[in-house]
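Notes follow the structure.
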Amino acid sequence: MSFVAFFVTQSANALSQTALLFFLGVGLTLIFGIMRIVNFAHGTFYMLGAFIGYSVARLTGSFWIALLVAPLAVGAVGALFELGILRRLYRRDASAFLMVTFGLALVLGELIRLAWGPEALRVEPPSAFAGIVFLMGEPFPTYRLFLAGAGIVVALALWQFLDRTRLGLLIRATSQNAEMVHALGTDVDLVRSAVFGIGCGLAGVGGVLAAPLVTASIGMAAQMIIDAFVIVIIGGMGSFPGSLIAAVVVAFVQVFGEYYLPDLALAFMYLVMLLVLVVRPGGLLGKEA
Amino acid sequence: MAVVLALAPLALPLYTMTLLTEALILGLLAMSLDLMVGYARLISFGHAAAYGFGAYVSGWLLLHTSLPMVVAIPIAALLAGTIAIGVAWVCTQATGVSFSMLTLAFAQLLYAVAYKWTSLTGGSDGLAGIPRRPGPFGLHLFVTRNGFYYLVVIALLGAFVFCRALVRSPFGAVLRGIRENEPKTTALGYNTRAYKIAVVALSYALGALAGALYAPFAGFANTELLFWLLSGQALIMVIIGGAGTLVGPILGAVFFLTVAHQLSNYTEAWALFFGLIFIAFVIFAPEGIWGLVTARLARHAPGARPGAEYDDGAPGTR
Amino acid sequence: MALLELDELTRRFGGLVAVDHVTMRVAEGEVRAIIGPNGAGKSTLFNLITGVLKPTQGRVRFAGETVTGLSVPRICQRGIARTFQLTALFPEMSARENARLAAQAREARRWHFYGGAATLAEAGRRADRALEQLGLGRVADRPAGLLSHGDQRLLEVAMALAQEPRLLLLDEPTQGLSVEETAQAVETLAGLLADGQMTVLLVEHDMEVVFRLAHQITVLHRGAVIADGPPQAIKDDAEVQSAYLGGFA
């Protein structure tokens, strides 16, 4: 395989990975931007998306229905959790949030294990994208191209949503000055619930989309939350464009790192996270933590 | 309490003794975590790193050298503490959530290393057949089941005495200042970073001591000991038991292990149950079981109502 | 030689010049008040002196040694103690414990964790003395968070005093106090400063407090020194009057 072909296929790989990481990280970024809390259970919501997607796909025989239903379900779970539990903690200090969402990660993880069993589950990619294309003469799964495309579409949609819709405006305003928004008559609590739900829903989308590639499994959660957090850190805690850039950076580091230095890729990523945290505690594009 | 612990082997059946020994080892782990979490409000999600590291080092020493157990264990703890200074230095570059995520990241890293470095660590199978080597000078006292139990009791009590002295010392007063208002503590002239590094290193050293005891106790050490679930369980023990009390986390560990054992006989979902209890405690009873107990005792002391002595009409401004 | 020397001290935030080439000499035993309209740069000046902020230009010299660029703890250890505009205390510790932690910072063996009883005892003695001086002896065992606002402000001063500093920086000590509390605080401070041993930098808005306590006044406006002199001269200064009344508040 020529180097150019190698580079192109791996880059395409990295782009599809970017999409997955973006879905994972942007939700956490949104949640942090509004609520100043890190949702430790975010990786678990991602997993939940994958598992619900699996069940819906099996039930209906359609990947697309799963793609629609699963994120909504996951988002609903997230919003309910915020309503029922997180709301009680807004007057407490940040460590309480961290621990409660940690507890949620454990509880959700166990629920998933009890409901779907400890075995990894296989989800079939939709027939439209189940094949192979040829990039510079090398075979490349169509599904990954689909992923990269989906990532772009969703990123654009999110951008427009935040930029032009009323809820998007409220979200941006609340992340800058919640008190003002409240004073102007908006129910800030509702905005928060919506954001938490949307953030978890986005993670759910990532989970469903990832399922055909990476067999849905229980062990994912810890690694996912770290990945998500790395993205939030590198991109800036609360910056939407930052999370996109960070997803690209991390995806490329992971994909090329895995190839050249397979054992060190993990360490290298932590090093990057460390460096960013040291140099700019607020992340590359974001506000102070 | 020490007396109760000392007399336990005479009264309890074999199986319970094993459980109790493990509970005390976990109690040591939880107490070590409490130093960081309860006294300095540095939440670590990666304490399994200390535990696993201690277990692997003492296990490796017992397998590949002729060091006696009572020498290998402290060596593992000291080594961990020394390395932890570096880890702490890195992690304390950040504060708050970022600090916690760094501790988790480090633990994951250690987990991945242990998993892959099969020649040293045995990969996911880990180290097996770890002996309880007697000595020095033919000291066989701790090798038996009951004897090992006493070793654990001694270690736990020793660590407890040390920690209690620490938190009541000037060093401990500074930790408290850091916990309640770190910027002010800095403004008073304290190098708070150095204090944080010190408490994290000590916390990891004692956690490694627990792990180092576990290896000869169970006879094996594997990657499960480095997994984040264990970090989580340690944190649960601290919170449910009562952060910032030293005693609470030990109770939390005993509670956790006994209930987990009983529950797992009836249902697969005991971990779920604990997760829910944990969340409930964080929300409704952050002072933990021991905190609740001591508060109740204080209330029943003659003439005591918290804050009563301050009711002289002066306006409070909380 | 002055105890505190500021030379062309400047701090910019992007395009904003918060502190503009401030040059000042404070003699030992002097009580210097720093006044000026809001936004004049008074708190920034304190932050520069104590090391919370690094100057863009200029330097700070204390007791003959340059301290610009040192970390906050190090500068404090040289003998500078400070109170804050927004009360900063340890709310769950008692007043005595608050003051003791402040005093402990001056002990040589403050970081030891054995043999600590002696250190704690000595620090406790200094704390008690400081509390007495500020009239807080009666609330010594009360959690700081439960003190009245006035007592909290005084506790801040007590904590600074417990460190037996050579230079004391008071940032609006009477802020938020009622008229009676202010009068009481001023009398207490006047008593403390009567023997001329303490060097003080005092940021204040309340002119009565300033005229009661200060030997010399420096006026800041938009980060720059516009007047510097004894209280009577400042009262009569036309430029000062225009700065306060000329619509730049």
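Just so it is clear, A, B and C label the chains in written order, and each chain counts residues from 1 on its own.
Note that contacts are C-beta pairs under 8 Å (C-beta built on N, C-alpha and C of every residue); 3 or more make two chains touch, one makes a residue touch a chain.
Computed from a predicted model, the values in this text were never measured in an experiment.
Trainee: Ignoring chain B and leaving every other chain in place, which groups of chains are still linked through touching?
Mentor: Chain B out, touching clusters read A | C.
Trainee: By mean C-alpha coordinates, which chain is most distant from chain B?
Mentor: Farthest from chain B by mean C-alpha position: C.
Trainee: Mind checking the centre-to-centre distance between chain A and chain B? Centres are C-alpha means, answer in whole Å.
Mentor: 32
Trainee: In angstrom, rounded to a whole number, how far apart do the mean CA points of chain B and chain C lie?
Mentor: Here the centre of chain C sits 42 Å away from the centre of chain B.
Trainee: Express in whole angstrom the distance between the two chain centres, defined as the mean CA positions of chain A and chain C.
Mentor: Taking the mean C-alpha position of each chain, the two centres sit 48 Å apart.
Trainee: Provide the list of chain A residues touching at least two other chains, using ranges where the numbers run on.
Mentor: none
Trainee: Mind pulling the residue numbers of chain C that touch at least two other chains?
Mentor: Residues: none.
Trainee: Would you please write down the residue numbers of chain B that are in contact with two or more other chains?
Mentor: none
Trainee: Inside the complex, what are the residues of chain C that reach chain B?
Mentor: Interface residues on chain C, with respect to chain B: 50, 71-73, 76-77, 82, 84, 88-93, 97, 100-102, 104-107, 109-114, 116, 119-120, 123, 139, 142-143, 145-149, 151-152, 159, 163.
Trainee: Would you mind writing out the residues of chain B in touch with chain C in their complex?
Mentor: So the residues of chain B in touch with chain C come to 165-166, 168-174, 176-177, 180-181, 183-192, 194-195, 307, 310, 314-318.
Trainee: Contact residues on chain B for chain A in the complex?
Mentor: These residues of chain B touch chain A: 41, 43, 45, 90, 93-98, 100-102, 104-106, 108-109, 112, 116, 227-229, 232, 235-236, 239, 268-269, 271-272, 274-276, 278-279, 282-283, 286.
Trainee: For chain A, which residues count as touching chain B in their complex?
Mentor: Checking each residue of chain A against chain B gives 37-38, 85, 88-89, 92, 94-96, 98-100, 102-104, 106-107, 110-111, 114, 222-223, 225-226, 229, 233, 263, 266-267, 270, 273-274, 277-278, 281, 289.
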